[in-house]
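Below: one structure in structure tokens.
Chain lettering (A, B, C, D, E and F) follows the sequence in which the chains are written, and residue indices restart at 1 in each chain.
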Amino acid sequence: MPRRTIQEFRAERAKGQERLLDHDHLGLKRFLRLDSAAYEDGALDGRTKELLGLVASAVLRCNDCIDYHLEQCVKAGYSREQLVDALNVAMIVGGSIVIPHARHAMLSIDELFAEKAANEGSGSSSAG
Amino acid sequence: MPRRTIQEFRAERAKGQERLLDHDHLGLKRFLRLDSAAYEDGALDGRTKELLGLVASAVLRCNDCIDYHLEQCVKAGYSREQLVDALNVAMIVGGSIVIPHARHAMLSIDELFAEKAANEGSGSSSAG
Amino acid sequence: MPRRTIQEFRAERAKGQERLLDHDHLGLKRFLRLDSAAYEDGALDGRTKELLGLVASAVLRCNDCIDYHLEQCVKAGYSREQLVDALNVAMIVGGSIVIPHARHAMLSIDELFAEKAANEGSGSSSAG
Amino acid sequence: MPRRTIQEFRAERAKGQERLLDHDHLGLKRFLRLDSAAYEDGALDGRTKELLGLVASAVLRCNDCIDYHLEQCVKAGYSREQLVDALNVAMIVGGSIVIPHARHAMLSIDELFAEKAANEGSGSSSAG
Amino acid sequence: MPRRTIQEFRAERAKGQERLLDHDHLGLKRFLRLDSAAYEDGALDGRTKELLGLVASAVLRCNDCIDYHLEQCVKAGYSREQLVDALNVAMIVGGSIVIPHARHAMLSIDELFAEKAANEGSGSSSAG
Amino acid sequence: MPRRTIQEFRAERAKGQERLLDHDHLGLKRFLRLDSAAYEDGALDGRTKELLGLVASAVLRCNDCIDYHLEQCVKAGYSREQLVDALNVAMIVGGSIVIPHARHAMLSIDELFAEKAANEGSGSSSAG
């Protein structure tokens, strides 16, 4: 059973999310919107709040949530070193039980930065 | 890595359960019996308690437990809308960290109602 | 340090809730409204959902949340025996770690039914 | 609000436990018996299992459960150093979020060893 | 039982911390140092990491940890609005079960800003 | 999706662990060392502390952590019956939500004892 990749996570997530919305439950839809809104700029900027979401996900030990926030954090421009430093806070607060999730996160970070490099590479070549 | 289906869950669960009982630990066997007994009719009817088991499983974020109780809830006659409404309570109490489990549950609900429809279809045709 | 009573919980809760709302954070206020709305009649009736809220609170081990939902459950007409039966489900799902919260809940149930009896007593005497 | 002492815990616990048993719920009573039985001699001796109960209580962050198992562990003859070493495992597994419970446990250990010394002192004087 | 204030928390914490260190357990002392070090400037600045610690503490529902990080966050210059915005992320991730801790945090924020104002007031008068 | 075996866990763990160390974060590396050190002989012997690690992992419901400590426990010479007895404590403390992890653990125990038997068989034949 190889590790679930970020790509597999996205596909699986999309399928479940679609079914979640299909049911047309007003409270549930409002909660999903509120969840998105929580990471928009406010008294704190959205970029900082994505990092808060990452650490909250890590201490609560949810790989799907970690991968979602890692993706947003990479988009927001955090470096690998900064993401590792944030995950270290999660590991100290949450203990060794967080380590398997930190290992998962490290491989996700590799995948996300590889994607980013590929996109930027194709971007610059298309610009050439 | 595609999602674990309800059918795969049942096969995996049966194998582990058999090994759990093989060990013949008196306390452990008594706990398993007490666990079953908790969902039988009492001051509250069993049907209501299956829904309590579902929401408890969802806020504690255990997909195996969610699937087990979803199966019992579908047997007990709850509609899709009622199951979604119960999962909404779990999501409000437990937060966005519950969302990946709600997505999983939605797909399980699809599978369980598809099975139910197939069984009823074959039931009525065999009655024909 | 005697146990926090239901009356003390109400006073403390009111003070904190007021400060929570004072801050006028839109997302936060919307979440509080969504939380209330989750227990209103829907595909499931509100009375059933209060019981779901109680069991979710018990397995997540939050005395304030337990007391809040117990109060609503007593108002909704559940008997002591039914509340104990629901707490038994929480204890089986959540284990012995839930027992201290079940003890707390038992004393809260005593206080809530004593209040109810007093109110009904004063109600009938005022009707006399 | 000074710290809840072991003596206050015992008094509070006794009151709640009495009410828990008053309700005469068969499943609940069986679970309480199973809980006691889990710490009796079996494939592992009871003394070892009390230490398992202590660490499980610490990582799940329940002061009442910690104090209960600390009391049993002191009766079973563990030294302060051994209890601190067990709590260190809990802190490494569960992280810094366990530290406030470790602080609480340290003061409980002081109280329990003070009681033990007082009892042994009165024991030897009555023997004199 | 009135709410534990920040001042009471500090006194209680100091007493427990002293006993924790008294035991002279090497692993435990190293973990406490590592815990402090996690919030020092690194790939992320310490100020950002204090906010991560606050949100991690809130979703894990530890009032002592919340108060500790709130105190550091106020020292680091975060405004009330920013702290409320961070707590909103915690509430969305962790759900309504976090609300009692958010209420507690609001009152702690009041106390901490009152202290800060008093200190600044006395500071400027001593400068006069 | 068949169950992740112990062999797959080892391969996956090694890959993630390597990436975790690659990042060269001082605090993170120190925490990993402290984690290992917590299970070495101290006031309690390392063998006892591995069992504490197993039960802590089970109540916190982390299969990777359970498998890691099961492997160490089998190496340390615990019998199947003793491991089941320890898992029973975890199940009583943590409730039915732990059962899926106990099932997983039973199959891991089978794999680990099969490996041990194979190694001892090859060991004695090579000695022949």
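A few comments on the model shown:
Following the convention adopted for this analysis, a residue touches a chain if its C-beta (ideal position, glycine included) is under 8 Å from a C-beta of that chain, and two chains touch if they have at least 3 such contacts.
Predicted, not measured: the structure shown is a model, and the values here were computed from it.
Common neighbours of chain A and chain E under the contact rule above are B, C, D, F. Between the contact lists of chain C and chain D, the overlap consists of A, B, E, F.
Taking the options A-E, C-D or A-D in turn, the interface that duplicates B-E in more than half of its contact pairs by residue number is A-D. Across the two interfaces under comparison, E-F and D-F, the one joined by more C-beta contacts turns out to be D-F. Note on chain placement: the centre of chain A and the centre of chain F lie 29 Å apart, centres being C-alpha means. Distance between chain B and chain C, defined via averaged C-alpha coordinates, is recorded as 26 Å. Within chain C, contacts with two or more other chains are made by residues 1-3, 25, 27, 31, 34-35, 38, 42, 56-57, 59-60, 65, 81, 84-85, 88, 91-94, 96-97. Judged by the touch criterion defined above, the protein chains are all mutually in contact, each touching every other.
Chain contact summary for the complex, chain E toward chain F: residues 25, 27, 30-31, 34, 37-38, 42-43. Of all residues in chain A, only 59, 91-98 touch chain D in the complex they form. Of all residues in chain D, only 1-4, 8, 12-13, 15-17, 19-20, 22-23, 25, 27-28, 31-32, 35, 56-57, 60, 62, 64-65 touch chain C in the complex they form. Within the complex formed with chain A, the residues of chain E that make contact are 34-35, 38-39, 42-44, 48-49, 51-53, 55-57, 59-60, 65, 79, 81-82, 84-86, 88-90, 92-94. Across the complex, chain C is touched by residues 1-3, 61, 80-81, 84-85, 87-88, 91-92, 96-97, 99-100, 102-104, 106-107, 110 of chain E.
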